[in-house]
Each structure stands twice: as structure tokens, then as C-alpha cells.
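Presented below are the structures under discussion, each in the form of C-alpha cells.
Two complexes follow with chain A in common, the first pairing it with chain B and the second with chain C.
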Partner chain A sequence: MDAVSRRLLKELRDYRRERTAAALTVASLGPVSDSDLMLWQAAILGSQGTAYEGGRFDLDIAVPPSYPMQPPTIRFVGRVCHPNVHFKTGEICLDLLKTAWSPAWTLQSACFAIGALLTSPEPDSPLNCDAANLLRCGDTRGYDSLVRMCTLVHAVPSTSEVVEAERKARRT
Partner chain B sequence: MSVSSPVSPPGSLTLANSATASPVTLTPWEDSAGDEKRCWICFVEEGEDRNPGAAVQPPSVWVRPCKCKNSLKYTHEDCLLRWISEKQHQLPPPLSSGFSGAQPVRCPACAHPYQLIEDTDGVLNVLAWLDKAIGTVVPYVSLGTVSLAVYVVATTYGAYAVMTMCGADVGETLLSDNNWGWRTWVGLPTIPLSLVCSRLTAADAALPLLPFLILGNDHIRLGFPPSPALTVCILPWARLLYNAVWERVTPLFDRFFDPPPRYGALSGPPASARTSFFATARQYWRILVSGRDDEGRRLRAAGEEDEEDDGAGNGRDRDDEVPRRDGQRLVLGSLFLPAAAQISGTLLVSLPFLRARLPADTFHRNIVCGAILVVAKDIAAVVYRAHRRRQKRSRRVLDYRGD
Partner chain C sequence: MSDNNPAAGSTSAGDPPAAYDRPTDEQILSFERKIKEPESQAQLVGPLTSFDNLIAEYANGNPAILAKLHALSTSYCGLRATRRDGNCFYRAIAFRLCELLASRRGTPWADAVVLRLGPECREVAKEAGYNMDLMGDFADCWEDAVRDGDVEGAMADSVVCWLRIVTAAVLKKNSDLFEAFILDSYPTLELFIGSQVEPMNVEADQPHIVAIATALGVTIRIGNLDSSSTAEGAMNWHEIDPLEPLAVTSKVDTDGPDPVVELLYRPGHYDIVYKQAA
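Right after this comes the complex of A and B.
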């Protein structure tokens, strides 16, 4: 087993063993399939009391072969309304995922940092100009309602989906 | 070097406050701050196989490179060296520092610069210095080479133009070793440049003076017929004069080849069926003198865009009326002028009628033929434009008669 897989397995074990404060944000984290350790999936929850509350945001994580020397590539799967997240591609603008990466970070802490980025946007380096402009104009009310609508439409599991999931769970 | 501190992702207030974002407090093994060593890069603990299954284990040299404690205290030396070279690869070496290494890499958490020891020797220093010196010089050398190439091409073209315009015999004398001085080095590459500039208005102020500066006093003698040097000096002035006259005359040509449509009683006085010759002549004279016709409309000169559009139905579209003035046409057209002049000179002189009237020496014959060519080309452009406009005005939409 190579060093990358070993480290990833350790990260996974650490995540499963210790549900720390970060677990409140990072709802799930793990490889997509058992055969490929280099592709992970995560879900972060919008924190309470913010416009993202109630949302569950899925993340795609691609681990480079040179991990942990190079940062993982993380993007949102669904649509997220945020100044530093590309609305269509889900690309995330966060220095931690580019220049500020250090091997001391883990996939879990990176996801946690993305969760923290949701509530503390940086409108001066925007990937989503519309959202950033609202913030730059000081229209926090408009920004909040836009974010809330986007979260409701794209990130909150609808009732029918929940019912369907429960029915499936009962059957199995 | 911007310290890559995991504690502060980009300008996020709450994130900076919530110190939980730092892996120092996040990582779960922090509590177990016992004696066991765990590499903060590869997460392998002391006593664990670093490469299970392999016969040869990499040497596990533990180092404590910075001030960090707990989970960030220990690391494998080879892991840290890989990380340091990764960071050095990202950061360009600063100009001021020596050749031996780049900026010191700092610990991403405590910003302590890692202290490295490496072997240096004289050969390496010399080679590194050479490497850097070459890297500095290369851009300038390549820039110089490119400009030299352009210069050589321009000079060659200039020599070609001289040979074409003066004929082989005179040209060879002119370009012989005896006459080859700094004026030649400067003058020959100026020829293509000024040919191109002659098609633009940008260098109008400089062109008339250029021949005097380059040719020098020795060659310019007043007299008739003018010496070739004097002709070259006169040419730019002749060009300015021609341009000025042409600007005045073009509206006349436009009017002649393409009389304005008459709108009957709708606009202006009702036109009689036959305009008398004198009325037409007076009209033309007014246009020539003032640039305006009887109704006070400014008439456009050649190639000039019509800013003030007169009336509704008469608006000019910008598509195909004015021949496009693009750079390729302009450069190629001006550079082909000597060749075209020489060819037309040879053709014209073969007519016995013209042979007696054209200047005897090749240079002046070619100059005259070039001038004729320029005038002919301008007239052709006007005729072409007028016909295009007329064609456009004749455009009608056919009714559909299929059913």
C-alpha cells in the first residue's frame, strides 16, 4: 500500500472514530467506492441561524496522487449561492485549496473550512458576481433571502424525497 | 513569501475567530499527546511499518523542525524534505538572494523557518552562477536577434527597391562598396518603412524631411532635369500636395460618376429635367471651393465616413461601399509599388508613342510610372465605390409570385 492510501485510510479512521465538533458541519465523509481511494464524497450542513440552515451540500473530492503535498480538488455537486462558489461548476475559491495548503490539513478539516466559508463570504474575490455584488452594496437582507431561496430549492431534501428514502429504508 | 497559515483561510472573519478551523485543534489525535510520535505529513506512527509488505523499509528519521507541539511536533525527515521542495517549487527564488537556494520555507503552522544544511562546493556555485547569468541574458539576446532579423529584411528590401527603381546598372553602382557608408545602412531599411508610412497619415510631418537627413547635402543638387536624389527629396512634398488636391477633387468625382438621386418636390427645389451646363459647372465649382454643395451638405472625401447622415432613405450602410482598409492590403500594396512601377515602366516604354515622352533614364521613368499607377488606382477606387453605391441603390425586393 502506498503512502497516500495509508494516510487516507488513517484520515477515514480518524473521522469515523472521533466525532468532534467538526462533525456537526461535516455530516458525512468517505470514499465513493471501496475500490478507489482517490475519489471521495462529503456532505456539509449549513450552520444553524444562517441562511444556509437546513441545507445539505454535497462535495466531490478528488485526491491527487501527490497528496498530501498537493491539496485535494474539492467542488460542490449541487448549486450553492455564495460569492466564492461558482454557481454552475461548484468550483470553490479558497486559498486553503490552492496556495495555503499544508499537509497538516486533512480532508475532514478542509470540508470543515468550506463549511465555515459558507457563513463568512469574501466578496472581493468572487466566482459568483451577482451574489458578491449584493454583499458589496451592503444589501445583506437581499443576499440572505437569495441564499435562503437557493438553499431551499437546491439543498434542502424535499418532503417526497425524505418519504421515499424512509420507504426504501423500511423495505430493506 | 506569504505564510501559509491554516488558521486563516481567505479573509473570513468568523472563520478566523473560530480557531476550530486550525488542524491544531481539529485533529483528533491531539488529545493523545503522549509519547508516541506521529508524522504530521504521512500520519504514520512510530514503530509502524512505513511500507508494509516491502522487503526494504525506508529509514525512519524523526525530526522536530519547528516550534510546533503536540500533533505537529514530529515528522519524518524525508516527508518534510518532500514538502519543502514542493513549496520551493511553488515560490520563485527571489532576485536578491544568493544562488544556493530559494527563500526559506516556513512551517505552515508556526511560521518558523526550517533550518537546512546542504553541501555546497565551488563547482556547484560556479555552475549555478552561470545558469542564472544565462537565464538573465537570454531574453535580451532573443529580442536583439529578432530586431536584427527585421533590420536585415528591411535592408534587403531597400536594396531590392533601389535595384528595381534605378535599373540594374545604376543600382549596382549605387550599392557598390565605394558608396556603402552609414547613410546606406540607415537609408536602405528606411525605404520600406517610408513606403508603408506613405499610405498612412501618421508620419506626414516626418516624411518630407527624411530624405534630406539621410541623403545629405552632397548629393542634392538643384537643376533640371532633377537628379535622382533631388527627386527623392521632392517625392514626399509631391505626395502631400497630391493628397490635399485629391481630397478636394474626390467629391467632384463622386458627383460625376454617381449623381445624387433627385427626389422631386420632396426635398429641395423641383429639378428641371435638363440641368444646364453652366448650372452644373457652378455646382462643381462650389463643391471644389467650399466642399459643400448647393444645399449646404458637406460632401465626403474619399474613404471618409459619413458622420452627418442626410435624411432618412439616404443613409449609408457601412458594409461594402468603402473598400476595406486593412493592414495586409496596405503593407503589401505599398511594398509592391516599386515592382509595379518597374513593370509598368517597361510596358509603357515599349510603346513607341510614349518612349519619346517618358524620361530617358530608368529611375525617372519608373517614378513617373509609379505616380501614374497611384493616380490610376485612386481613380479606380472612386469609380468602384460609385458603382457599388449605384448598384446598391438599384436594389429592390421582388414580390413573391409563387402562388
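Right after this comes the complex of A and C.
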């Protein structure tokens, strides 16, 4: 087995075995299918007591052949309102996924860090200027309500389904 | 949504900023890689050459540097250029130490270094909280290269990665000492390690050198090729000893002094230098 696959299988085993504190944030993590170890998906949960609470956010993870020397590419699949997440593409601005990546990180710890990013935004390097501007002008109330609504509409499973059903009902 | 009324509505919460067509971070990084491609074709560690090229390079340059190069070439026979990819320091150490150990195989010094750079480094990394199930693969590469005297293997990225981990582990273990050096520029040692030690392609500086000398148990001598003027154009050498000396059991006179890894430093880059045979 090649070194990348061996490493990924170890990571998968560690994730399944340990279920540590990180698992409270990273609700699921694994390859999309048994036939391709280079594509993973994960879901992270919004922390309690934050505007993301109740949300389940899916991530797509593409592992490069040079992993773990090069970082994985990780994107949000659904819509996330956050200064450092592109609202349309799900692209994430986080240094550890770019220049600060180290082979000491794992897919699990990277997902955990993305979970942590949700509640510690960096509005000075925004991918979503609207969200960032709210924070930059100190309107945390406006920011929180925007995030909460976006979470409810796009990331809380039951609400998302209700919203979708209503949308369909209106269409017919 | 207008800027003046940021809390209004939400349907356009993430509407593209004006520069929606900006390149993605991946595109920026791949562009950066393309620019750096000529360098990425350079050998990781080049052949042993004389100082002629370097002297030619500075022929019309700073006279202080030129004087130092001339002084250097009287007692040193040449250098190996390393790739300028930000990993040169670790790569140079790995390559040269592997060579030195192969040439001193079986001496008390070599035995003590092998013990230090193998099981003892693993222990330090484990104590520092690294996942040895994953990091052990990198340690294996390094220990295999040392065991086989395989300098090719010692140049591998996985070896660079492992040396970064043990450097970080020594920094954490001696946090009281090292925090004094880094707290000027970083709020915590952890942040320093996360951005200046663990990531690949990030250059090494003084704390890294002390830490890796300690991790591996070898003395590192660094000739500083800077433009400061010195008496008779002599090179400034900095000798960095391990914080904890090597436990060499019995000293055999014929071995001579313990070998040291010698590097030539120019801002942002380290090459390996070789002393003339006595």
C-alpha cells in the first residue's frame, strides 16, 4: 500500500477509535466511498451557545497525492455565513489549509480547526465582506442574527427541510 | 444590502463582493508554485563544489563578503548548495549528519548520536504530544537513512518533516528558555511553533538551531556570510552546542574531536561547507 493510503487509513482508524473532544465538533468523517481514499466528507456541528448552534455543516475534502506534505482542500458544501467562508463556493480562508499546514495536522484536526474558526472569525481577511463588515463595525447583534438565520435556513436539518418543502409548495 | 444599513435583510448576506472574480487561494498558490518552479528544479543537495562560483557571484559585490569567502576558502575545501525552498536548514543538517555518521560508524560518538536522534527524539516528540502513530512514519525514514548511510534518503521531505517535529518538541520541552526569545514577535510559543517550525518551507532561525542541536546531540557551526567587516576579513562563526550534551561513553583518542555540522549562512539560506582534510 502506498504511503498516502496508509496514512489516511491510520487517520480513519484514529478518528473511529478515539472519539475525543474533537468528535463533539467533528460529527462524521470518512472517505466518500470505499473505492477512493482521496475524497472524504465530514460534518461539523455548530458549538452550543453560538449563532451556529444546531447547525450541521458538511465539508468536502479533497486529498492531494502529495498528502500530508501538502494540505487537503476543504470546502463547505452548503451555505455558511461567516467572514472567512465564501458564501457561494464554500471556500475557506484559514492559514492552516494554506501556508501554515504541517504534516503534523490531520484531516480530523483540520476539520476541528474549521469548527473553531466558525466561532473565532478573522474579519480582516474576509471572503464574505458583508459578514465581515458587520463585525468590523461592531454590530455583533446584527452579525449573530444574520448567522443564526443562515444557519437555520441552510444548516439545521429539520428547518432546512421545512423551508425546502414550503418552497416546493409555493412553486406548485 | 447597503453598507450604511448592514443589518437589513439577509437574502444577499454573502453576495459576491465587487471582486467576485478574484482567483481562489488555490489558484494563487499554484501561481506562486509556477513562479518558483526554476528553483524547484534545483537539486535538494548539490554536489561538492569549490567556492569559485560563490566568489564569482560576489566579485563585484560587497568587499567584506568577498574577503570572508577568500578567508573561508583557505581552510575549507568547498560547499554543497541546497535547494532554496525554506527547508534547506533541516535538509543540510540531515544530509551532513548522515554523512558524518557513516564515516564514523561504530565510534562512541556515532553510537551516542544514533541513540539520541532515534529513540530519544521519539520520546521527546511523544512527550510533546505528537501522534507517534502518524509521525513515526517520518521518524522511520530518518532512522533508516542514518542506519544505511543513505544520504539520498536523508534528503526526503519526510525527514525534513520529522526534524521539524523534533525541533518543535524540544522548543516545547524547554518552553521557559525559548519563550524569552520568541515572545517579542509571537504571543505564545505554540503560535510560533505552528507558524515558524511545523509548516514545511518555513526557514529556520536561532531558536530552531539551538533546538535541533539539542534534539540530535550535535554541535552546529554556522559561518555567517554577512557584510559586517571583520579583522582580516575573517568569517564570523557561531557555534551552537546542544543544551544537553551527548552522553559519549568512552572516548577513543584516535577518533579526534567530535564531528560538527558546518553550514554557511546567507540571509534566508544555508549551504553545507566542508573543511579541508588536515
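Convention: the second predicted complex is superposed on the first by the 158 of 172 C-alpha atoms of A that agree within 3 Å, B and C clash if a C-alpha of one lies under 4 Å from a C-alpha of the other, contacts with A are read in each partner's own complex, and residues count from 1 in each chain.
Operating definition for what follows: contacts are C-beta pairs under 8 Å (C-beta built on N, C-alpha and C of every residue); 3 or more make two chains touch, one makes a residue touch a chain.
Just so it is clear, the model here is predicted, and its values are computed rather than measured.
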| item | value |
| --- | --- |
| Fit-or-clash call for chain B and chain C when the two complexes are aligned on chain A | clash |
| First (chain B), second (chain C), both or neither touched by A:Asp139 | second |
| Touched partner set for A:Gln48, first chain B, second chain C, both or neither | neither |
| Chain B versus chain C as contact partner of A:Cys150, first or second or both or neither | second |
| Touching partner for A:Ser33 - first (chain B), second (chain C), both, neither | neither |
| First (chain B), second (chain C), both or neither touched by A:Cys81 | second |
| First, second, both or neither for A:Met69, with chain B first and chain C second | both |
| Touching partner for A:Ala3 - first (chain B), second (chain C), both, neither | both |
| First (chain B), second (chain C), both or neither touched by A:Pro103 | both |
| Chain B collision site on chain C, chosen from 42-50, 60-68 or 240-248, when both complexes are overlaid on chain A | 42-50 |
| Set of chain A residues, in rising order, touched by both chain B and chain C | 3, 6-7, 10-11, 14, 69, 93, 95-96, 99-104, 106 |
| Of all residues in chain A, those that touch chain B in their complex | 1, 3, 6-7, 10-11, 14, 17-18, 20-22, 66, 68-70, 84, 93-96, 99-106, 108-109, 112-113, 116-117, 119-122, 124-125 |
| Residues of chain B touching chain A in the complex | 2, 4-6, 9-15, 18, 20-21, 23-24, 26-29, 40-44, 50-53, 72, 79, 82-83, 86, 90, 108-109 |
| Partner chain A, residues of chain C touching it in the complex | 1, 3, 6-7, 10, 12-17, 24-26, 29, 130-131, 133-135, 137-138, 157-158, 161, 164-165, 168, 194-195, 198-200 |
| Touching residues on chain A, where the partner in the complex is chain C | 3, 6-7, 10-11, 14, 69, 73, 79, 81, 86-89, 91, 93, 95-104, 106, 126, 128-131, 133-134, 137, 139, 141-142, 145-146, 149-150 |
